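Okay, here's the structure, questions in a sec.
Chain IDs A, B and C follow the sequence of writing; residue 1 opens each chain.
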Amino acid sequence: MTNAILELKEFTVRDAIFAIGTNATDCHPLIGVYMLEAHARGTKLIVADPRRTELAKHADIWLRHRPGTDVALLNGMMHVILTESLMDRDFIAARTENFDALRETVLAYPPERASAITHVPADKIAAAARMFARAENAATYYTMGITQHVTGVDNVLSVSNLALLTGNLGKPKAGVNPLRGQNNVQGACDMGALPNVFPAYQPVTDDKIREKFEKAWGVPLSGKPGLTIPDVLHGLEHGSVKALFIFGENPMRSDPDINHVKHCMENVDFSPLKEARFIVVQDLFLTETAEIADVVLPGASFAEKDGTFSNTERRVQRVRQAVAPVGKPDWLILTELMRAMGTKADYAGPEAVFDEMRTLAPSYAGISYARLEQGGIPWPCPNESHPGTPILHVGKCNRGPGLFCAVDFKPPAENPDESYPLILTTGRVAAHYHTGTMTRRCWGLDAAHPEESLEIHPEDAARLGIAHDDPIRVTTRRGTLTTKANVTTRVPVGTTFISFHFSETPGNILTNSAADPISKTPEYKVCAVRVERARA
Amino acid sequence: MESVVTTCPYCGCGCSFTLNVEGGEIVSAVPQVDNVVNLGRLCLKGRFGFDFVHHKDRLRTPLVRRNGTLEEATWDEAYGVIAERFADIRKKHGPDAIAAFSSARCTNEENYLLQKLMRAVVGTNNIDHCARL
Amino acid sequence: MNMSTFVVANPRKCIACKSCEIACAVAHLKTTVATAGAVDAPFQPRLCLVQTPLAAMPVQCRQCEDAPCAAICPARAITRRDGAVVVDTDRCFGCKSCMLACPFGAMDMAAAGGEAPDAAAPAKARTVAHKCDLCAGRPGGPACVEACPALAFVVVRPDELQKTVADRRRAAAMPPA
């Protein structure tokens, strides 16, 4: 997020919130609640979502666009802003680059054309554009509904174009705010759990940076960017990757097209050496992924260890041990393993690890456990007297002037056809988290939402002879599963929805692994599906 | 009863709460009031999502696959198998034949250690996590 | 006048998360949550989230002054105690008349003793009337109110209700500005 969560408390009648591709009330309930409270105080609320989420129910304007048409929708809104001269000319002149290219592209998307692509009435697109542009401050929030598309990067660029066009960057109650779906996605990225960067986004290809880390760690380091998750799976399938260490993840449920994931992981190398792949899983439970591992290490839950998480607003906060670990604290496992592999790794505890990290990660340099006792600190925090940075891009964008990146609409990778006539989109429910390994084992949460169901519109259901709660078979080109029908107008005609929390009916057996060419984020949000009544 | 202030393990909001512990078992989670995220509130996962910690299915000892089945092993055995296989693969195929998926659910310290393990000990940048998923 | 207190949610605030249902079920457990999970205790909240295309809100007992459920009960199992309408589960024989009588659908049936789980018991448990008891005896007051992240509930106390009504009457009497 460029801005802070609690800013939502300060929105007034003159401000606007634009929530696109984010089911915040289910996935980030506190943020969703703050949005609704702002709306109750008179803040304008614009929601773009194919599903009638709780947020959509309360919105001033709800844009129910077809899954995967975000670029057309946003370009349509920008068209209205340009032709009605609602843009922020001063901001564009002083703080941005490449405006002409944007204008040229966007002018090809009059609301009528955007409407034809998105199925949102043209006047609604125009009304949303006016509401957004006329607000004193307008903040955009998005989640995976924007990123999990083959055009995920284009979608993000479009969101950012809209913010730049209206001068909504680098000030309070504005900005481009991705809501992180997991407690420490932000932190895992910050810590360099990415193939191209060391901690704090320092490129592995930069010789100077590499030298710094080589000196600190006392070994020569590779300057060749590593493999992303889909590349690793591909490597396992084709034999170039022989070993995989999976730390607290369950790709056999969380990754798209899990039949294919399984095939990759179980792939046996039939070379003369007869060498199989080697998989290590460190987790709390014997997950579907752990079941096929060669070594399983029992880790510790958040309540059984010390450390820090960095939340979606970049705020670093303490995690503290409350009970004795059932397994072993993961930091301890990793240091013991490093020693078993012949490296010196004597850390007195997580604080010592944190202190080593912050000498190497400039944005964390000023954060210490002692300071965190007074509460969380948002990075960048370059030194111990720095208060932290709740809003990014104040005065200028980090990369200098804000760059408009004009993008054209491209359709999703897989579209409905005769054999697979409906769209399937995926997401979460409030009670559960990711592949459910934790929440499905919580008494209240599992009882409140004990099983999967497929949301399907009454018209589609009627045509298929399906009644509410009927057993149904859901099939895509990748796989099939049996679940219950949830006949509801929460989804539009032609679109169905399933979660991925239930290991007995894993939604990701259906999803498409086609991914954005740059971010490599798979298109979980759109694929083509066939639904039939299953014989009970 | 002991009380420990900590951070929620679920979504990216990062709410903080107090875990109340009795006889080694977490009995409740109560939101912190004086912070800058949740102001005395918690969603259902934060408030009622702690009992998995005590679930009977929790893994207690390392497991190592022997003759096709996962069997209980000591920590040293498990570390030994990993170190040996990694060294072997590294020798035959180079460090880039080894990869790791880190965790968006684990701590910063643990993510730092795993990327260090991959980069400094194994010698590859093949480290990623499920930010995209 | 002797009016009762009741709890009601505001559909303009509710995010349909069911935290209130879980809070209610947990508040009435006689064990810890982890134990309930270990013995697979039945989940028996005393309020129920209802979703419509326009909004969502949980429905629970209004603690009616002249409760239709109590009036119809042939066992006289439903009485008013400390301002709450309560079921004496020992007297209840599960005829379900109260379910039919309640105009809000707030009355439910559940396994007696399901909240003091004992792995062997639920199979044999009697089914009895089950409703909101305003969390009688709970130190923090109504658990649903405490757990709602959207602060969607109002505890309507007789004095406040009278004040609200008085305010509205005053507002209604004021000529529009």
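Convention: contacts are C-beta pairs under 8 Å (C-beta built on N, C-alpha and C of every residue); 3 or more make two chains touch, one makes a residue touch a chain.
This structure is a prediction, so every number in the text was calculated from the model and none was measured.
The touch graph of these protein chains is complete, with an edge between every pair of chains.
Judged by contacting C-beta pairs, the busier of the interfaces B-C and A-C is A-C. Per-chain Cα centroids separate subunit A from subunit B by 19 Å.
With centres taken as mean Cα positions, subunit C sits 39 Å from subunit B. Subunit C has its Cα centroid 37 Å from the Cα centroid of subunit A.
Looking at subunit A, one finds that residues 29-30, 33, 430-431, 441-445, 448 touch two or more other chains. Chain contacts: subunit B has residues 25-26, 41-44, 48, 50-51, 55 touching two or more partner chains. Counting partners per residue, subunit C has 17-18, 22, 26, 33-34, 37, 149, 151 as the residues that reach two or more other chains.
For subunit A in complex with subunit C, the residues that touch the partner chain are 25-26, 29-30, 32-33, 36-37, 40, 52, 54, 57-58, 430-431, 441-445, 447-449, 489-490. By the touch rule above, subunit C contacts subunit A in their complex via residues 12-18, 21-22, 25-26, 33-34, 36-37, 41, 43, 53-56, 149-151.
Those residues of subunit B lying in contact with subunit C across their complex are 22, 25-27, 41-44, 47-48, 50-51, 54-56. Those residues of subunit C that touch subunit B in the shared complex are 17-19, 22-23, 26, 32-34, 37-38, 147, 149, 151.
Interface residues of subunit B, counted against subunit A in their complex, comprise 2, 4-16, 19, 21, 24-26, 35-39, 41-45, 48-53, 55, 57-65, 70, 73, 75-76, 78-83, 85-87, 89, 92-93, 95-133.
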